[in-house]
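Common to both upcoming complexes is chain A, partnered first by chain B, then by chain C.
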Partner chain A sequence: MATRYFGEPIKRNEDPRLLKGEALFVDDVHLPEMLHAAFLRSDYAHARLKGIDVSAALEHEGVVAVYTADDLGDYWQPGPLLVPPPPVERLTFHQRTQVPLAKDKLRHVGEPIAVVVATSRYIAEDALQDIELDVEPLTPVVGLESALESDAALVHDGLDSNLAAHVIQEKGDYAAIRAKAEVLIKRQFVYDHGAAAAMENRGVVADWDSKAQQLKIWDTTQAPIPIRNGLAAMLGLSESQVQVIAPFLGGGFGPKIMMFYPEEVVVPWIAKQLGRPVKWIEDRQENFFATTHERSQIHDSEIALSKDGRILGVSDTFLHDTGAYAPYGLTVPINSQCTLLGPYDVPHYYSEFKAVFTNTVIVTPYRGAGRQHGVFVMERLLDIAAKELAIDRVEIRKRNYLKPDQFPHNHEIIYQDFAPLIYDSGNYLPALERAAEMIDYDNFIKTEQPQLMKQGKCVGLGIVSYVEGTGIGPYEGARVKVDASGKINVATGVGTQGQGHFTSFAQIVAEQLGVDIEHIRVVTGDTSEFGWGCGTFASRGAVVAGNAIHAAAVRVRKKVLKHASEHLEAAEEDLVLEGGKAFVKDVPTKSVSLGELAQMSNPLRGAVKPGSEPGLEATDYFGPERGATASGVHAMIVEIDPETMMLEIKKYIVVHDCGKVINPMILEGQIQGGVAQGIGNAFYEELVYDDDGQLTNASFMDYLIPTANDVPTVESDHVETPSPLNPLGVKGAGEAGAIPVGPLFAQAIEDALSGFNLEILKIPVSPGKLFELLQESGDGAQ
Partner chain B sequence: MKPAPFDYHAPTTLAEALALLDEYGFDAKLLAGGQSLVPTMNFRLALPEILIDINHIADLAFVRNEDDGLHIGALTRHAELERSELVAEKAPLLAEAMPNVAHSQIRNRGTIGGSLAHADPAAELPAIMIALEARFRIQSQSDDRWIAASDFFVDLFTTELEAEEILTEIVIPPLPARTGCAFLELARRHGDFALVGAATRVTLDNLGACSEARIVLLSVGNTSVRAVLAEQSLQGKALTGQNIRDAALIASDQDIEPPADMHATEKYRRQLTKVLAERTLTKALERATSAP
Partner chain C sequence: MNVCVTVNGKVYERVVEPRLLLSDFLRHELNLTGTHVGCEQGVCGACTVLLNGDPVRSCLIFAVQAHEQEIMTVEGLAPAGTDKLHPLQEAFRDAHGLQCGFCTPGFLLTLLPFIEENPNPTEQEIREALSGNLCRCTGYQNIVKAVKLAVETAERGE
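Let's look at the complex of A and B:
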């Protein structure tokens, strides 16, 4: 079949609606009689909650109800453990999940305590100020290392320490190989990742129709089906009585996963109690405290090498901040542990981590989901090794890449999807060589940089590699249907947050049915349209939902061909599907439209053949046996003002391999956006907690998201190494742009400031921090 | 992030606005561009009971040249100043600073009067006004007075304005002959409040020596700060590279007590001050040399 849709840079189907303001977001839902909720949140990081008096709040005109934990009765339950710990032998895990409204104890600033429901959000917020709390402050647990000291205060009273989990995974025998190593490099690394800060904050609208006994919920979730199933069970309703709609979302990036956030759980319950629709929209300030973060890890790492720069083994022991609760299990630290290995052949690996409870906002995956932390460690170790061994940094990476004949490659440890960490396919050298060529590596190092340095300019280059485990199971499903009008309807369960699903999914269907994508309507994230599936996360939309849609489209294609061959009295092999029609090859006049076929397959009178199904419709599912490993290389040139440490990005290159590309334009957008977030992580954003557990920069004035002015245009190119694990050969691409930016900055900055004695072991870095580092190293800015 | 309840008035004349202020005094707040006031109200850090919106007072927004200098109405938007050819001609230092004031969306709403009355030590406009020796007209129902920019700013977010007064007009006198100015700032992102900024003005005598220097720094204290010792060190001297470097060092070491925050330590602010003082003095000298 001629490829006309799959792989083409087709403009996004959804953009006209988005640009004209015609797309529905949760806050656009306005219902008659709707009430508005506002949550009272803890000002304390750690405190005993001894009493709540809501009587004054209830007296405000316009206040309809105020609820505390006690009012929830049996509905008050700690949230579900969303991801149980993977089957790793040496693993301890202490399950503690968030509660709908705090009872007895407050465990982080921003934890919800009570909710006011009023006729407007303004009134609800006025009333919040009149709720009286009786609170006894406790010592906040903030630092990762101090949290594990024996005299530390306890975040959870029932545990003997703040240890949330302890995991050891091992491959080979690091201790033995260490004894034989010619070079050992040991460092401590700190990597901090921040808030996803999606453009749209979270929000929930719930509407209980008591006559129909139906609950309808609009929710900014990446995973509407698990939310429907969970809420139905909690509320004692059948799944078919609950509809969850995740309409257009202004970004998800992980924290909008099926979290069963307190607001997500409480607002539908209130709507049912009051019999009136209730809306809660998170504001930007709340978003800093009420939506999950990613944060820091401290790694003590060592790499053992031969003199010629070959990796013999790596040992890495780290602490992971999981915040006040750990509802998402160990996904983030396991990702760090596994992704550290990168595209490299590491024969011996010892990895141990402790996840630690602290009195800070909960940590769950945010674009990259811990992969950044691991990649930083490995790339930095290699940079330092390259310097020590006087091997070129591109060369040391080449020497250690897994070779194409080493795939599938088993790393012999367990990944976040509970399956062994086996890379499906990969071919790393071409991407590195292409990136080096695009950034003009040899010329820059040999000619340009020395010349500019002579003129007193500080210019530097970074070039780093990474892999990204993507497209994990368990499964997704889809239904594809041809309407009598000839239009195609596609429904799948995953939510959409701006990834271009309405176009890339349509391209997959168009490829099978020969229908232009503007005639293909894709519905995502509405449980009444499709009720089976998991959600959008872990760069799995294209891989898992994409392949389910492909499978359903292939089945519809078969039905179309069968009906058309009967109708046109031609062999199926001789038929072509194009322009919404089936026709006989070389005889385009002998044709029938898909719409006509759909009508004929759904007759109103007469008899149908025994065993026939009505319509041109099929539902199918896809579940990969394990994830598909994407990979790539980022390269960058920076210039630093040696007097002020201000940095300018001169050039930014990404060469990426996500297998078969569905739509290169959408892919470019994903990469560009990911790089922007990566730059934020590496150079601008930091959640700064003080010793009292207060987040001191909970606004966009001090939490610095890079703007369009601060992000360069990324030049990108692609290598295509198809995944053998799915029929489309695709791998995920959602997180790739964001993953290796930290080590890229570190390497490029060290290169630009090679005249100084500087080692960057912490991310984020900033001009001010660079200045401090140079002061410490005694070099100082002049 | 919703403000507490307030009453709202939208007078269309200055007299009405002054009468309202006279009536409500401390309980009232003027609303100009709202770019500083509205966020603080939404955070419930400011809880005015009465909001007096002055955006409908048409004759508060103007830019015109008169014999005694450039007159700017307090309600003139940042964007207007940024684009005004008159400003570029008569007060090039102001024009040079304007693109650094926030982002274009905010410049479309924010006003010069609001920025001066708000008196943020990290704001550009107060420093520019001090460097240019501007005078401010302040009116109330019972008074109409003028005050020099250098006397207006008292402390962090605090000015000489009384609760019942409105800043109505700004006058920037013409520059003396052989005078050059320069503005530079460093911010984490374009449009952010500066980590440090410097507005510098240099006047040369007939022999080419410095007859007067003004160095006004932002983000290094509770108000815009004049680097008085550094200015004095240049008085009467030829502005050689060495003299400029020495003055920059005096400015950064002796003239300021910069604050530390999560974006910059005290030491880093001193370093940036030194660099910006040197760079702006060098540029201002260049411009003074070629000025009529």
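Let's look at the complex of A and C:
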């Protein structure tokens, strides 16, 4: 094919609308007669709710209705368990999921209790003040370790303890190999992730048309189809009576695929009750309390090595904070458990975790989804081992990488997609070598660093590896259609939150049909356009939806060639598709446009040949057998001001391998954005709960997400190991930038402050914490 | 209260509650929804508009405070009635300076006067200028690139 689309840095189709302020976001939906909802939320982390009096709120002028749990009747049900526990033998799981409005008990600050519906949001919020609660405060369950003590208060009364799950997975025999190991290294690690803090808060608008008996919902969700299916079932409607639209979303990063948020359940119900459109838009403060987080794990870990630094085995036991409920099952801790193994050959692995209920906001996946935690543990263990054994940190990684001939590699434990953790493909050494070269590793540690250190500068280097399981099943689908105008319509079920799907998906189709991407209209996230699919999570958009689109486009290509060959009286092999036309190779005048072919295949008179379908359209699906494993290396050089402990990133390198690349410009953007979030997680952001279970920094004034002054220019390169598991050979890339930044910071900081004999075992660090660590590590003297 | 404002060259007159935020007024009364709201705490900058040519956070002022003044929102950037983009918008597209695009209107309006006043900014100056606006998607790198591109284009007089 003459013009290439796949693999090109093509400018984005969606940009003009976004740049002009014309793109529709949920809060932009205006409907006649629309009412506005505001939720009363718990101020208590843990309390018994004994009574609610809404009468004064109802008297407020402009208030149309106030609802509490009791008003919902049978509609009040705990949310579904989104991901049941995987088939692991040694597994206990206690299912507790969130409720639409709290009844009897309040389990975290921010849990919704009542909803006011009024003619404006301002009035609805005024009326919230007039709702009277009768509440008996209970002891809040906050710390992970204390939550499991025998006298701890119980988040869920019906359980014996705050244990949400207990899982053991094993490979080989760690105990046996431990006994033989020449070196054992043991540490406790704490890794805390944070708030996704997408710039757009959540929102739902619902409109019930009683004449058409149709419910239309605009929702900031990453998974419109499951939301439609679930709401239809809850409301006793047919799926075809419910349309869910996830229009442009202002960032997702995971928490927008939680299902079902209480507001998502309650707002459509209210719209149906009142027969008027209802809008609820979360504000930033609510976002901190009402949108899910990802938070803390405490790991007790041990690595067994030979004297020459080869990993014999790893043992890791950890506690995972799941918050007040666990609607996402075990996805996050299983990711930690599985990703810990990284790119390394680990013959023996013992991994055990306990997920713990606490009186804090629910934990569900946020970009990386627990992978960070695991990667932190492994990379830190290797760093410490390298130091103890006096082996270079790059070298110790090289010695332990899986070799290209070890793929597919079976780790013999179960991954989040219920399939065995098998890496499809990988070649790790070239990425490490490339990163070392780009950061000028040898020169820096041998020459530059000693010189700068002599001048009293604290400069250090970090270099770490990771893998990322991406693009898991079950499936996605797509429909590709040539319009009579010659334009192409592509519909798929995944929602999109800024990943450039309107362009990358168009590129996949363009590659097959030879049509410029501006003539390809991609529709995502509207259940009336495509009704089958799951959603955007686990870096799976490009892999799973991308391959479904590819499959449908290949089928349309076949139809086009068949029709064109009949029309042009030429063999299919002699035809070229380019510029929106089919023509005979070397005879460009002998051509027919795709639009004409579309018209001919859908005639108003005459007949479509028996056995053939009208139109140039195809629908197809793709379900990978298991995930595709992407990988990479991050490296950076930092300088630390020994007075203020402020850190400046001098150079930042990413070398990644996500198989075949659809659009390198979009991919780079994903990496850069991921790195920025990783830096926030490593050095700036922390959700700070006090002992009362109050989140003390629930605003952008106090929860610091990185600004343009805090993030560096990322230089990147890539290595390409195509995935054998899908026809396009792609792997996901959405989370790669964010995953290894914690251990990278830890290593680089230790290196920069090497005179202090510091060990960083907790993320996030911050200038303040660094200062404290230095004090602890021996009066700060060099 | 009565409020009369000129937005993107057009005069609007409305009766509003005194406590109505300018951001809500623009978005919900005038249906100019290109101005986005990310925090309503004055931190994220998504709601930035130009008030008499200066960038302001429309979530921090009341609509009535804009009475008889001139406002420009993102909808006023591109030449009206054409498919064209403003050169700054074009630069954002060329440099891939936006992903979800939610923060973008605020960045554009913060940058418009900055570029006019600083025809030749250094990278550090650009980063300073951006540092009051939050973006969660891009890592800012391509926004910086977009500004450089816009400045170069302006220099060449395109």
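The working rule: the second predicted complex is superposed on the first by the 775 of 782 C-alpha atoms of A that agree within 3 Å, B and C clash if a C-alpha of one lies under 4 Å from a C-alpha of the other, contacts with A are read in each partner's own complex, and residues count from 1 in each chain.
FYI, contacts are C-beta pairs under 8 Å (C-beta built on N, C-alpha and C of every residue); 3 or more make two chains touch, one makes a residue touch a chain.
Remember, it's a predicted structure, so these values are computed and weren't measured experimentally.
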Note to self: Just to be sure I read the superposition right, which of the two partners does A:D283 touch: chain B = first, chain C = second, or both, or neither?
What the structure shows: both
Next item on the list: Give one of first, second, both or neither to describe whether A:Y684 is in contact with chain B, with chain C, with both, or with none.
Entry: first
Checklist line | Per-residue touch tally on chain A - higher for chain B or for chain C | finding: C
Next item on the list: Please work out whether A:T292 is in contact with chain B alone, chain C alone, both, or neither, and reply first, second, both or neither.
Entry: neither
Notebook entry, point to check: Should A:V675 be classified as contacting the first partner (chain B), the second (chain C), both, or neither?
Noted result: second
Note to self: Quick check on the superposed pair: does A:N335 touch chain B, chain C, both, or neither? Answer first, second, both or neither.
What the structure shows: neither
Next item on the list: Look at A:Y122 in the shared chain and tell me whether it touches chain B only, chain C only, both, or neither; answer first, second, both or neither.
Entry: both
Checklist line | Overlapping contact positions on chain A, where the chain C interface meets the chain B interface | finding: 122, 283-285, 701, 707, 709
Item checked: Complex contact set, residues of chain B against chain A -> 1-5, 43-44, 103, 186, 188-193, 195, 262-265, 267-268, 271-272, 275
Check: Given the complex with chain B, which residues does chain A contribute to the contact?
Finding: 121-122, 125-126, 129, 283-286, 643-644, 646, 684, 686, 688, 696-697, 701-702, 704, 706-707, 709-710, 766-768, 771-772, 775, 781
Notebook entry, point to check: Where on chain A is chain C touching in the complex?
Noted result: 11-12, 14-16, 18-25, 27-28, 30, 122, 196-201, 248-251, 253, 283-285, 497-500, 665-666, 668-670, 672-677, 699-701, 705, 707-709, 711, 713-714, 737
Margin query: Give the list of chain C residues in touch with chain A in this complex.
Written below: 17, 19-20, 27-28, 31-41, 43-44, 46, 73-75, 77-78, 83, 85, 89, 92-94, 96, 98-105, 108, 126-128, 130-144
